[in-house]
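Can you keep this structure in mind? I'll have questions shortly.
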């Protein structure tokens, strides 16, 4: 019985890995261990831990590691704090393999803790390219990991080109797609009751925009100016809009401030701001939106599967594989506005399995149950 | 005037980078900032900081980060502690570029702190392969670094194959070779007065062995058995021997214990144990030894330059480039003994510039003064 | 020339110690070293560091130590982080004496770091009693400190009764009073321009309330209900009101949430919310208010000096010495409302020098320049 | 069923609390939780954790917190690390009360973590006076603690004089005495087989000295000179001697170095050095020794109960209550030598119950099961 310890450090992490968590828990040869920490514990970022528990997963440990400041210094220090906490927890849980997800800054602490402690490390979503600091984190984690679960064929090839042994690379697709395949994606207006937020109640049976724009960590000083362009474009488009608050990266306080200042000044009466949704509700909101606007990877990934018309702003997703559903624009209110118009007019795209076919979680669990777990890896050249 | 911050976390780090430190300090367009920490501060590991100061370098900051335990858990936690401390220091020193050396476990904290804080990171000695956990650290640091100073042509090619932009890769040679080129390598018996240690005073004008054997971090549970084989081989060879205590990795306490137990039991009267030498004295000791025994990378690297006959034991240097001066053996007292005999008989080898021509420090400083320092890097495929 | 290192970890700390900072800096036999950290660095809590720099003090070091969560677990951990950071800084600054202020949870890290490093510790504002967790912190710091600067005669006597040597106890008064004595306390409406905040612009020449209510750390689960009572009382009183956001203690997110919910629901058009004022502006706002409402110690301390009518709510100030200007009430909207009415009707009280005569900063600097600094202290019984 | 969490951070802590651990575990209304950390985990300090487990206690959590350096800076930082680790563990164990022991520097992290998390804190051995830095720690912990278990009547009175509520103070005696009362104190020579150590095997049926000398933390720069005086006195007395290595405080490396240098130089053939004993064996060794020499508190405490002739050197025990069995001397080889002679001649003293009657552990458990556990405490004046 292999003990698989999954470390979830943000709400995005959880959305990405949820179906794999379930498949691991339900696998006869696996035992699930769950560590929840960082922004996944914070009310300010939507208390992912509450959603996780409501979904039936009880954390074996919790780690508070986010040092306030939301700047590059505290990003680094928070990661250091993670790396102080996780070894104590791994020593107590004694997992046979640790599973880490994607590329957020603090996830490298999971990778280092496991690797240094001679615990095999599995990594979901390696090999992708996006053009941000996340690239460095993601590829560094790849060089530490012992088992790779890339989402796309191209990502898998990149991992092998980086010198990883091909036998350790398993193209499983992204487990985030599984949720889309399983869930009824019809939307209802209870959303407003369930999640609160601020702003008017919208009629989601009518066309609406979904906006999700995060700070770009190596451009964080421009975060305020960048969000302003999007705010003005959306304000001018005048379609009912669901807007999600940004994540915890350096710069997020500037984005939040920008949004708050805009609200005070323009008091837009057709935009509703939410902190967070469950994974399923987020899928519903995206699936029924007339257009997704911002720079979230989900509109390229889940968006491909759902065929959601997307306006992708700025450099955050540079280099990430994308399907036909995406139009790219710069930080410019006019360009953003024009792209939104085009996408709303075009409507829904064909579903594209680029990032997974909806069966990835099960696949990951099966491989974890049977693959060789060997910490001595060799570069292939 | 670019501020170059060099972070030195062990005596080995310092030996490796010393000539570059000098070249940076003396360069008209560079300002040297020096952070010294981890085992480089500890008496137990030879107080490298004292040597550093005697060499005329005054640390701008010191960080105590080694958590006691000498096991994989504390290795990970110590690295986390480094990652908590360094951002505070970088925020205060505001370097234009951070220089990190090689691949010891705690050095990844330097790499992450700099990268997350958007400070360009230069890395000396990337691209090598050794077969130990250090490989993962070294390659992960490569994926974080913005400027690469590999020692050998082959290492440089590997870095490029890993997806790094070729314009960021500069094959400079290893600055550790510079010391060898500059120093008078004649030996005298003052060594015993200067460094103390325990055991008899040896006549270094006559043939002697040099033994340096570190723990292998992912085999650390066997460290005691492994060192015993070497101890018996050396004991049977009966040639005067200089033996260096191991470094601070997981397992070093077992090696130390093994040595102490052996001493208590056999009381060998021809072995002298030292804690540490200055970089120059270490070169002298190696240059004049009849044979170097153990698993230190220096016998492959400096050993090539000096033509020092070497018996390399076990897996620690697997995959590392080597010249004609090395015979590889397993953890077996008979094999070790036989190889020592052969090497002592063979005597000195030709000098081989595989790892550098003795001018690397200057080269590194010149590049740091002029190269583009851009934190936005892209994978090349 | 004695080096005096003052550690300021919150905006309240700074307000309390400002005049002493100036007196130390200007003293011919003293050199001021300043460390700023914790919530004093955070925009969310009013970026005290910006005010400090505008006042002409340049921090020698900054430490980010607040771990997000705002609960008892993260309060403890943040203190631990302070205790990891400060020794590195003290080792670099090498102060002859460290000065710590009052009793906030994270200040004990300053006290421990200094004491353990054999650096004499001076403590401003020991010996008081308030009935909250702060009592334990304050008295524990007293038992660590080597020089005591209590504000009141009674506090000084308590310190001596706790076993401290009388020769180490100097009743100096609270330096916070100095600001009141020196500053022109006339108010103008530029406040709204200078500090922004949210809500209507008020006419401060007419009567207004000042509300400052912090969470009570060992009742933090009731913070939401407690703030609601105050909100309703103030809402019913219908006098223009200046309201300050709470500090960073456990429970502050609940208070913030309560305020936000109230605003969304009732949209009060006569309350203006501010994040923070400079020390001087805060004194002006208090001095001109018709009544101070809440649980801030400043309304008992500065309030006594200014004769400001005060309604003190709940247990947070239990046991603190108070003058005639204070009416105490429980967490009950009706009682609060009645007390506000009475105080507004009563108007200004006589000035009371209970907490200082306005010359404390100078007194503290003089003593620090001349007193014996001996870390070997003995309990007197 | 109350959950009592005991935090053991050194071998001395464990010896002191062992009988209480057993009584808590066996109490029908209590559940024992055990956290072991700091030097109690380190081989170098005798791996107390191994003894603890052999005694049948399985730790619920382990924390590595000792940062290498053995100087005041790392003492402070190690305490900070403890304060980072313990809240995570308390959050997971959810104890109803935390029990902390005595006064070593790192124990204040236990006290702060519990107090800040609103967990009632019980403290064993408060109220004593010794004249060292430990005094400050001990009294600061008293001001944080909610339940006090002093060893002596005088200590209990001091706690009350410091302002603690009398109802919270229970004079239980020191549970370390319980071991003495229960154990057969006959000695045998198997000691040398069981504990190894270095030096000759001694005949313990004949008179021997026991030496235990720790560094004095605020005199740690003189540690080397101080130990030298003792070494010479013992060397001159020429009686077979059992010598214990010092604990982990600042200065211990200097003492260790002093001992090693002395050994190399004089090669005394009648001194055997041990790292550590079980609590019982330590009692046996003390009980049968002709004289205890050094500065350990055990020779004043356990020594009183056993009537062991004691020569107490220097300032470390200043102010500690003592019985008739103790002669105090300064750091002077002649004075030490003379005192040893007098004590050996005098022989065994009467047993004195000053520090406990041998039933303290049970008493502590009974009180913990029934006392009010209220975190809101008030100073009594």
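A, B, C and D label the chains in the order they appear, each numbered from 1.
One rule holds for everything that comes next: a contact is a pair of C-beta atoms (placed from the backbone, for glycine too) under 8 Å apart; a residue touches a chain by one contact, two chains touch by 3 or more.
Quick caveat: nothing in here was measured; it's all calculated off a predicted structure.
Between the contact lists of chain C and chain D, the overlap consists of A, B. Should one ask which of A-C and A-D has more C-beta pairs in contact, the pair is A-C.
Farthest chain from chain D, judged by C-alpha centroids: A.
A rotation of 180 degrees, rounded to a multiple of 5, brings the CA atoms of chain B into register with those of chain C.
Separation between the centroids of chain A and chain D, computed from CA atoms only, is 51 Å. Inter-chain spacing, taken between the CA centroids of chain A and chain C, is 41 Å.
Multi-chain contact residues of chain D (touching two or more other chains): 64, 73-74, 77, 81, 84-85, 88, 91. Every residue of chain B that touches chain C in the complex is listed here, in rising order: 61-64, 81, 84-85, 88-89, 91-92.
Contact residues on chain D toward chain B in their complex (touch as defined above): 39, 41-44, 64-69, 73-74, 77, 81, 198, 253, 264. Those residues of chain D that touch chain C in the complex are listed here as 72-77, 79-88, 90-91, 105, 108-109, 112-113, 115-118, 129, 131, 133, 135-136, 139-144, 158, 161-163, 217-218, 319, 375-379, 381.
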